[in-house]
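Every chain is named by a letter (A, B, C, D and E) in the order it is written, and numbering of its residues begins at 1.
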Amino acid sequence: ACGGGSNEPAETDNTGSEDTTEDNAAEAAEDLDGSVVVDGSGTVYPLMSVLAEEYMINEQPNVSVEVSRSGTSAGFGKFLVPNGTDFNDASREIKDEELEEAEANGIEVQEFKVALDGLTFVIHPENDWAKELTEEELISIFSADGGVTKWSDIRPEFPDEEIKPMGPNENHGTYEFFYENILDKGDLVDGVNLQQEYSTLVNLVAEDKNAIAFFGFGYYVNNQDQIQAVNVDFGEGPVEPSLDTIAEDGDYAPFTRPVFTYLNVDMAKEKPQVLDFARYVVNNVNEFAGETGFAPLPESEIEEYNSFLDGLN
Amino acid sequence: MDVNSEMNKGNAVNVRKMIEQKKSSRNLNNLIEKVMPKLLFVIASISILTTVGILYTLLSETFEFFQRVPIVDFFTGTVLRPLSQDPQFGVLPLLTGTIISSVIAMFVAIPIGLMTAIFLSEYASDKVRRTLKPMLEILAGIPTIVYGFFAFTFVTPILRDIIPGLQATNILSPGIVMGIMIIPMVASLSEDAMSSVPRAMREGALALGATRLEVTGKVVIPAAISGIIASFVLGISRAIGETMIVTIASGSTKNFTFDITQSMQTMTAYIVEVTGGDAPAGSTIYYSLYAVAMTLFVFTFLMNLLARYISRRFREEY
Amino acid sequence: MNIDTTTQTNTTSKYIDQNTVQKRMNKRLIKNNLAKGLFFVSTMFGLVVLAILIFRVFSQGIGWINVDFLTGRLSNNPDRAGIMGAILGTLWLMAVVAPVTMLLGVGTAIYLEAYAKKGKIHSFIQANISNLAGVPSIVFGILGMTIFVRALDLGGVVLAGGLTMSLLVLPIVVVASQEAIRAVPNHLSEASYGMGATKWQTIKNVILPAALPGILTGAILSLSRAIGETAPLIVIGIPALLIPFPGGLMDRFTILPVQIYYWTIDASLVAEYANLAAATIIVLLIVLFILNSTAIIIRNKFQQRY
Amino acid sequence: MGMLTAEKKVNVEIKSNSSVETVPAEKKVVYDTKNLNLWYGKDHALKNINLEVYEKEVTAIIGPSGCGKSTYIKTLNRMVQLVPIVKISGDIEYRGQNILDKSFKVEDLRTRVGMVFQKPNPFPKSIYDNVAYGPRIHGIKNKKVLDEIVERSLRGAAIWDEVKDRLSENAYGLSGGQQQRLCIARCLAIEPDVILMDEPTSALDPKSTLKVEELIQELKKEYSIVIVTHNMQQAARISDRTAFFLNGEVVEYDKTDTIFSNPSDKRTEDYITGRFG
Amino acid sequence: MGMLTAEKKVNVEIKSNSSVETVPAEKKVVYDTKNLNLWYGKDHALKNINLEVYEKEVTAIIGPSGCGKSTYIKTLNRMVQLVPIVKISGDIEYRGQNILDKSFKVEDLRTRVGMVFQKPNPFPKSIYDNVAYGPRIHGIKNKKVLDEIVERSLRGAAIWDEVKDRLSENAYGLSGGQQQRLCIARCLAIEPDVILMDEPTSALDPKSTLKVEELIQELKKEYSIVIVTHNMQQAARISDRTAFFLNGEVVEYDKTDTIFSNPSDKRTEDYITGRFG
């Protein structure tokens, strides 16, 4: 599961290491300081910033964890350079080109899945016709080949009004996930409104009856009073995105994707606070996933990560 | 009045002598005297270095940008899609965004600012002027981020009630708010220009039976026109360079459009977006930042030059 | 209102018919009064907007201001979030901007007023300074990012932000100091030279002390400009979430306007952030109000009348 | 130097100035000032002024600096009220109407009463536009009529020949004396009844002064003129009546001949003979 | 008004001023000006000046406005060179050294030559700091020494009794006359050899003028004084020698008595009798 990392975790002493890990953490808790720099996905940002805050409050008050949210791709740009960031959050998997770049720069990268996210399509709360759409219909709205400009182009009984499709811009992993996995690298429809800030998108949809936008589930659950989600019919009836349906093998699976954070392994070796924070993230991410709108990871993956981190000591 | 009898004779303190003795400290003074002008010159050159720094960074990186994107494509391209797989770097969407927002701002700032100036300079009593002017200047001192907040959370919702098609992020609302921000600037510079028209000129017109309005329109404004126009140009320059209001309230859509109900991006907002996303050094999009900044710089620089030229060239002599 | 026109017995034919003049007079006076009303309304427009803005910000934010908010750390949770970090960041920024601009600004002003020969160099520097004053702040941000953050590799720390801001507000201090120095009457420096004082002694002991109130006023106004600026620091790169307090020049930091910015755009994520932004605006406005009042007090109180 | 030459002429002209004698006794009163008092704040600048200005005469006002000459003449067209702290009591009747009455429209008054100031104050416009300014604000737009008014006014101000070829040039290109005559022309263009002049020649050289003085003599055939002057010789040369002001009071008001040859008040005599002021 | 009273005294004092007679002939020359020419840009302000200033005398410089009095006196301590466009030729020897020589340090010169200006120009500092200014810039820091210098200088300028209880107050609280004497005290604090005074009483009321004049008479016992004055009576009252300047030239330079009673040049006479200027 830990794809991409050039350093395979030592899976052998899985059980034995559990204790030492905690010992280390307890010891380290005494005197860690310095900074941890996290950048990347805006989708993952709410989860990561809560983790960072809790970490600083409860674990290491002297460690400064900064969380920025340039977007997955822009984040990788800052992560894959010498003296770059310590972590990069990502709402898609690292690309091959990016791995090559890492290698070229002599940077060792470790991937951690942190949660599962459902790509959610949202519409205006008073939009009463598009509450349920099929996967194909959704794709046709956003695809250049869809031939859809008005709602009535989808189904004749829909209003004869222009659709206003929107989404995050190309800085974002969410965009790339959509582009690569859902549109299958087909062009986006002309006039799609792409924004840097998710909050702008929420606003735009909340204020426009004909708007439809896509982004991570978290941005939907936090704004349910302003926007509503489209229930997607993947062939077996409409599925409402929720923490249950977007979980592993849930009914929303086709639009579900893991979100990640990538660790610069050398930084973790060099700076104990980076390693410590990585450990904290891995062990506590499930606790905060729900409240920030993500589905939790299976325990097995967490154990796997722990053993990898132990190997760095 | 017996001044000097005791002064030099048997003095405990002989100043002359002491001054002679302290002459050695003069060497230090001489050194300071020699070094100070040079030191101060170095300090004064920092302002020049700043300009040179700005020009150098902008020019060199812009040059690199034009190696990658032909200059013609940049200035004639109507599509700006810097992040896409197939990036396009037409600056026209940003230019239209910038120009439209500035035009809207000046539609607010010029009439209101000028009328305010007229009221303060021609109609208001001294006392009224002295109370109103500082209050207007508060308006000029409010940070732009506050105006951005105001535009986004207050003006836009109101405008949306009035104009049905208005998007939640649009160029109209920040344009208007920018105009409000610029009112004090236009008002105060125009008022300065109008107050410097000699009283005798006003009296000459009043004595012919002219009303205040006629004096203002036919004598004061023509005489102060250069200062007034310069204030407009400086206002435009300010609007072009304004960042936070548009960044917050106009979204980041890179539309090439003239529809003011739409979200548009200005050059300044583009810079914020790209640097906020912290573009990795070396990418084309990173260099595009400098090309846009250079364009912005040239725009405002020309505006400022123009303002100075106007106020010098067309100054009435009275 | 009928002036007896028959009394005039001019031999030449008359073009100005007093009756027409009378008739038009009323129209002209009404026009004048209407215009006056319009001009007054325009003047009030700005002030009314100001009042609305302040009322709106206060009504939204005042309820969120309390000791915990002022002294607390930043947090994702609006009920827990505080702005001490931003306040300290602002103070640290000032700790760089104030001395740097004072040194550079006053130094430049002294050079221009006392040393530079009125000629090409003088007018070149002078023109340069007024041009700098018109350069958009975001361009300074790019300069700072390129030079301080990247080329000098300082990163987005207090020092880099402070130096950027210093350059941005430098023209304000230079111009204010120049005016203050120019306002010191010539006969004071003549008196000093007459005692055998050297140029620098005269500047240090006579001119600068006399110009100090004006210089300070300019310096404070430049600080208040620096405190309110947002764009250059966003360009330099300030993290959206930075919980630790800055403790030195080489620490990462955030400042009040940037905090307002993030909370404003994140308000759609957590609605209460808008209130936090409003509360922070109140704090910022109060700080600015205090600074500007101080400047006015200094100007009024310590300005010498010679 | 210039002043000296001007002074020499005086003696000659005082004698030759015989117009006063020939004025018929039944001249009409244009301005009748009754018990006028004026304060700048608490400063009592005009004290109980009583004065009649007659039609088609030149009335000179003389007195030392600060005695209230300008204040008085500016009260006659209510320009003095541009100073906000001014308070006035008493009456000034202009052709029978009290101009200090609240209901009286100053703009009306000022279209009947022209004013020429100490420093020439043309507008920064062309010569033509300067003269056409007054007619235009009173609604005259017809180009031909305007042309005619401009020419007639410039002729009336004895400056036509000097400027007729450069009517579209800026008025600031003229010399000081020309500017002053232009200002007089500007005044004439609205065909006033009275012309007020506040030291109209004090900023001019002797030659220009002479020209303006001649012009005034010419103008009084058509207009009533009130002129403030520092220059006693000038008052003697050109005026029919002279009022001597001192400390805000009218010390003496009489025919100019009488004032200069046989003043009844000691202070007038002292002032005229240059003993103070 | 005040001037009038002051003038009345003159006649009395001119006669009583007999100090010139008793001066021994072998007085030392302090300043020897030879063929001095000075230009402001192209404006030839001083023309071929030759003048000797003697020790422990008061040398007065009189002449009409703009004749170069201030320019000359400011050349004596090279203050005139603060104006960048100034060009000078000729020599001024101060105690045998040419002060116009490039190698001559102006600061040195100015510690020997004090200057008092037309308008009192105390620094906006305390009275004490004003007087201590000179000693301090010359390196005297010792508090006790400074105290002593300040007291002695203030006594020397006959102002000690008036200010001794308010030494730490701002000098701008003093009256004009007190300020001028303070400026003289400030001068005395560096114990100069020569004191230059450029119309030191022209901004003062008659009473203060009298005080300063008395002070000057006192000071000349110890110092050589060069004083520029507009007031001929003042020159007559207090000076030993008088130079009459006109249009940048020295018309006449002689003992004051001679100049005032028996001038050899017609222009001097005209000026002194008030025929011009």
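Operating definition for what follows: contacts are C-beta pairs under 8 Å (C-beta built on N, C-alpha and C of every residue); 3 or more make two chains touch, one makes a residue touch a chain.
The structure presented is a predicted model; accordingly, all values stated were derived computationally and were not measured.
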Shared interface partners, meaning chains that touch chain A and chain E: B, C
Centroid-based (C-alpha) most distant chain relative to chain D: A
Interface ranked first by C-beta contact pairs: B-C
Chain B-chain E separation of Cα centroids, rounded to whole Å: 52
Chain centre separation in whole Å, for chain D relative to chain B (CA means): 49
Chain centre separation (chain A, chain C; CA means) in Å: 42
Residue numbers of chain B (touch at least two other chains): 29, 211, 214, 276, 278, 281
In chain E, residues with contacts to at least two other chains: 107, 111, 138, 190
Touching two or more other chains - residue numbers and ranges from chain A: 68, 197, 200, 203, 206
Every chain pair in contact, whichever chains are involved: A-B, A-C, B-C, B-D, B-E, C-D, C-E
Chain D - residues contacting chain B, complex: 77, 79, 82, 84, 107-115, 117, 119, 121-125, 133-134, 136-138, 172, 183, 186-187, 190, 196
Chain B - residues contacting chain D, complex: 125-126, 198, 200-201, 203-211, 214, 218-219, 222-223, 316-318
Residue numbers on chain C that touch chain E, as the complex places them: 117-118, 185, 187-188, 190-198, 201, 205-206, 209-210, 304-306
Chain C partner contacts - residues on chain A that touch it in the complex: 35, 37, 45-46, 49-50, 52-53, 56, 62, 64-69, 197-200, 202-203, 206, 219, 222-223, 226
Chain C residues within the chain D interface of the complex: 1, 3-4, 7-8, 10-12, 14-16, 18, 20-22, 24-25, 28-29
